[in-house]
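Have a look at this one before I ask anything.
A, B, C and D are the chain letters, set down in written order, and residue numbers restart from 1 in every chain.
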Amino acid sequence: MLQLRGNTSMEREVADRNNREGMMGWLNPRRYGWERVSYWLQRLTGVGLLAYFIAHIYETSQIAGGPALWEAFLELTQTTLGHIILIVVIGMCVFHSANGIRLIFAHGGKGLGKPGRPDYPYDAVSLNYRQKSGIWIALILALVAMLYGASVLFGGE
Amino acid sequence: MADITTIAHDVLIIGSGLAGLRAAISAAAVDRKLTIAVISKVQVMRSHSVSAEGGTAAVLYEEEGDNQEAHIYDTIKGSDYLADQDVAELLVKSMPYEIYQLDHWGMPWSRRKDGRIAQRKFGGYSFPRATFAQDKVGFYEMQTLYDTCQKYDNIHFYNEWFCTSILHENNTFQGVTAIEMKTGNFTIFKGSAGIICAGGAGRIYSFSTYAFSSTPDGLDMAYRAGLALKDMEFVQFHPTGILPSGILITEGARGEGGYLINNKGERFMQKYAPGKLELAPRDVVSRSMIREIQEGNGFKHETDVDCLKLDLTHLRADRIKEALAGIREIGIKFSGTDIIHEPIEVRPVCHYMMGGIHTNIDGATEMAGLWAAGEAACNSTHGANRLGANSTSECIVWGKITGELAARYATRKKVDSINRKQVLEEEKRIYDGLFRGRGAVNPYEVRKQLTDMMDEKAYVFRNEQELTSALEKVRELKGAMWKHVEDKAKEYNTNFINVMETDSMLRTAEIVLVGALNRRESRGAHARTDYPYRDDANFLKHTLAYFTGNGGPKMTWYPVAFTRYAPVERKY
Amino acid sequence: MTEQLIEEIETMEKKREKEKHQGEKEYPKSSVTLKIYRANRRAGESPHYDRIEVPVQRWTTVLDALLYAKAYKDQSIGIRYSCRMASCGSCGMKINGIPRLACYTKVSELQGREITVEPLSNFPHIRDLVTDFSQFFAHHHNVEPYIQNDNADMPEKSKLTEFIQTPEDVDKYLQFSYCIKCGLCYSACPTVATDTQFPGPQALSQAYRYFIDSRDTAPKERLDLVDNRHGIWRCHFAGSCSAVCPKGVDPALGIQLLRGHLLGYSKNEKKVAELKERQKKDD
Amino acid sequence: MHKMTMLRESQIMKIHYITAVGALFVVAVHIMMRIAVMPYGMSLEYENVIANYQNIPYIVLLESILVLVSIHGFNGLRVILLELRQSKKWEDGVTVLTIAAMIALIAYGTRTIILANGLGVE
């Protein structure tokens, strides 16, 4: 763990959260550009998927209770609201996965470009259009998947 | 008194510019058990040194035709023979080591294709001798030194502590008093040895390349402690400051091949310095520019100020981006001009103080245990006119020398007491005299009037009449009822700091003016229209100014050290 | 195809950016209202905003405007500044909600007749527009930002020579050493917003700056230094740091490249081998 | 469990990425099978579901989804929580809790698989 050097007053300040943006900093994700949107969505969808996954494990466990319980449970989930939730989950899953693949590469510096001599007006190479279009593609894929999911869930009946 | 905190360290360094940081490293390396305090009124890496752009002079390539003797000669000739020649020699001989040491500490020097350190042309030199790192030399040097300081746990940084006075007894240094800006607490620093690296005072001019923090409070502190300020009338005006802000276009721009042009499109430097053209020393180029403007060959900037233009459009765009990226940015941002496509409007601008705290060749002041280095010091390397790129060199060389000497001194001799009377007097001076003072005049208005007046009357050319009227004005401002601080809070009170700075500015401006009046000749950066020639018979000597209380300074003279070159007429 | 599209979008954006600058030439505003965040909690003054109208010209920067307000309207405004030319990093503050340098932001670049200035977030607040940088500097200190090499300190009487570095070697780290420690990135980063022990973009990009410098011989130690619970892994490539950096340091890039070495995407053996080679030659 | 806390952060995060890629693969197969073999509505019928649990490769698939996604998901949660507050108590708590939750979820899911598999045999 990082040790902060210095006098005790500084160590006290380390604990001090005075003026940190905190979770409020997550609001207004458009403020700093697309990469920040991606950060925010990746997080949101990650947590959302985890929640769904837990619920899904619970849902499938009903199978062990026999056909009656299973049918009863299906009744609960196979509703319009249930379908909408499932569509959102599909979108989350596709966005999180597609963007996740981009991030796995980007986190290791792949596809970000090379450092060079700074040149006014300093455009950051890491915020290049390859990365931005990666985010857009993930969003578009998620949308397409949601539409397809909707067509299966609502159209199949 | 009992409630005033005392902080004790072995070596106190006032100022965290290039000189201060270099001193800290060399002091810390002497003995890891010594504790070094670096006290600065700004945070580290915010000192004015980060703005230095063009280069640092050193002889690196003797095998390619350079030699140290030439560097010594260029420096002395550039100084209009007012430099102490042994000091110039020490500078030149120490520099190559420092360049390589900086390289070893991580300095991103610009390189040649073969991987060796690159150098470029600079004004007044007979060989391309300015070692550079793009056009941000000072910045990178500061970063390298600051980062290297992180190696030493015995260096303690006191960021944003404003020093107000030097404590001393029997002409021996004991420490300083300071105000911690964050809390507003008045504090005593006790130290066996001290080094003043408080930088230049260029903010006594309005049109100035200096950072806003470059006010003479460090010089003034030494002055009030009874130390002499030397050669203060020599103020360097750099030929190329942009309008309206005064931000600098480095001499490197001319070193890379830029031209100065007048409104007829002529390269007018052909008239004034046919041998060196734009790369004549700064005093020569600045005077030529003012003459050109006086002859009606200038441009008018949209703010109605006369100016000339610096033309870089004939350089290749990629070369500009490679070597002058920073000033291209400055041009676009602060002047609305892209130097790749258009000439940029420039005008001579206050840039450097040759003068400073009087020291000997080792940087020692007249007080035992106290040294001075960097722009705050005047060890007489630069005489009447500094060559570009020689100042960062000076900061580094004397930073190292004084750091070592001060640390050695501090191991031998420990200070055991503090002059309490002085502490109380100082507390009274700043709190009763300034903080709780009453007045109707806005101190910021006083500061503005002073600096505008300096711009007008103590600029590139001076004369008796204007200097006298300027002196009268300074004395009038000194007497005005302005000493008060509106902001009564303790915490981060920049109003209070500004008032203390203004107080020191008035005193320092007075010294500059008195010195300029006394020097009835033209030498280096000091050009008198009423005495247009150099007068070696009467004025081949340094000016010293001593504090006398509320009256003006007491002026004396001090001899110049000659070791090798007799003065001859200076031609470029 | 996509490459082309990307390029097209890119040129379009650049053009728009240029047009924004051209607008400055015919600058119509003659005065502007500063909405300044004021607070001095230690002295019991609670946060509020002051509105001060100041005259402006085409060149006026937000710093100029603030200093005018300080000199002639309200002398008690707490503000930190020094170089006024974007090289010292003193004057970072939130201008209209985004971290920027006051001396590097012209009033003419901003929309509207009112400019909101607030202290940087994520730094402990001191007074008005001034924040405390000691944690920030401590994080920088903690990444050991100096060349680690047995020969780093040159003996006085040694052979005077440099470590050879080609311009290409320099370009690998030069961009990252452009950092002026202004803290804008630190203020924008969403991780710093909640994690008090995360070194932040500035410190991490400096870790990379020394890691990739061919003069440094401690690449492994440097990786270990940032490989911990609150270290480099807490960067999620939100990119906000690079979006606000006034000097094109692109800390996000430095961090990801450094992480590439931890992930094994990139190898640094060449550099180590090279160094060994060079040392042999020197001996 | 102790081993986990002794992993380097880089090792944990490598696992995070590898499980992500693995999860992507197995989840894709899982969903494909659900929609490719028969219409979605039918695939949910009790007999069809139970039948699936008789199929050994499918069980392996389900189990790996369970493990991979749990590891990835709970580590993701750990990361978020770690960033929220910093104190030894909180951080140790977060580590223990996420690992415990992960193990519990895997155990619970495995129980379903075993039970459902048993149902078919009867």
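Definition applied: contacts are C-beta pairs under 8 Å (C-beta built on N, C-alpha and C of every residue); 3 or more make two chains touch, one makes a residue touch a chain.
None of the values given here were measured: they were computed from a predicted structure.
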Which of A-B and A-D has more C-beta contact pairs: A-D
Chain occupying the middle, per Cα centroid: C
Whole-Å separation of chain centres (CA-atom averages), subunit A against subunit D: 18
Between subunit D and subunit B, distance of the C-alpha-averaged centres to the nearest whole Å: 66
Mean-CA-position distance for subunit B and subunit A (Å): 54
Distance between the centres, which are taken as Cα means, of subunit C and subunit B, whole angstrom: 27
Touching two or more other chains - residues of subunit B: 134, 332-333
Junction residues of subunit D, two or more chains touched: 17, 84
Subunit A: positions in contact with at least two other chains: 5, 23, 43, 107, 117-121
Contact pairs between chains, per stated definition: A-B, A-C, A-D, B-C, C-D
Subunit A contact footprint on subunit B (complex, rising order): 134, 153, 321-322, 325, 328-329, 332-333
Parts of subunit D lying in touch with subunit C, wherever the complex brings them together: 8-10, 12-14, 17, 79, 82-86, 91
Subunit A-facing residues of subunit D, complex: 17, 20-21, 24, 27, 35, 39-41, 44, 46, 49-50, 53, 66, 69-70, 73-74, 76-77, 80, 84, 105, 108-109, 111-112, 115-116, 119
Subunit A contact footprint on subunit C (complex, rising order): 2, 5-7, 9-10, 17, 97-98, 119, 121-125, 131-132, 134-135, 138-139, 141-142, 171-176, 178, 188, 190, 192-194, 196-197, 199, 228-231, 236-240, 242-250, 252-254, 256-260, 263, 265-266
Touching residues on subunit A, where the partner in the complex is subunit B: 5, 117-121
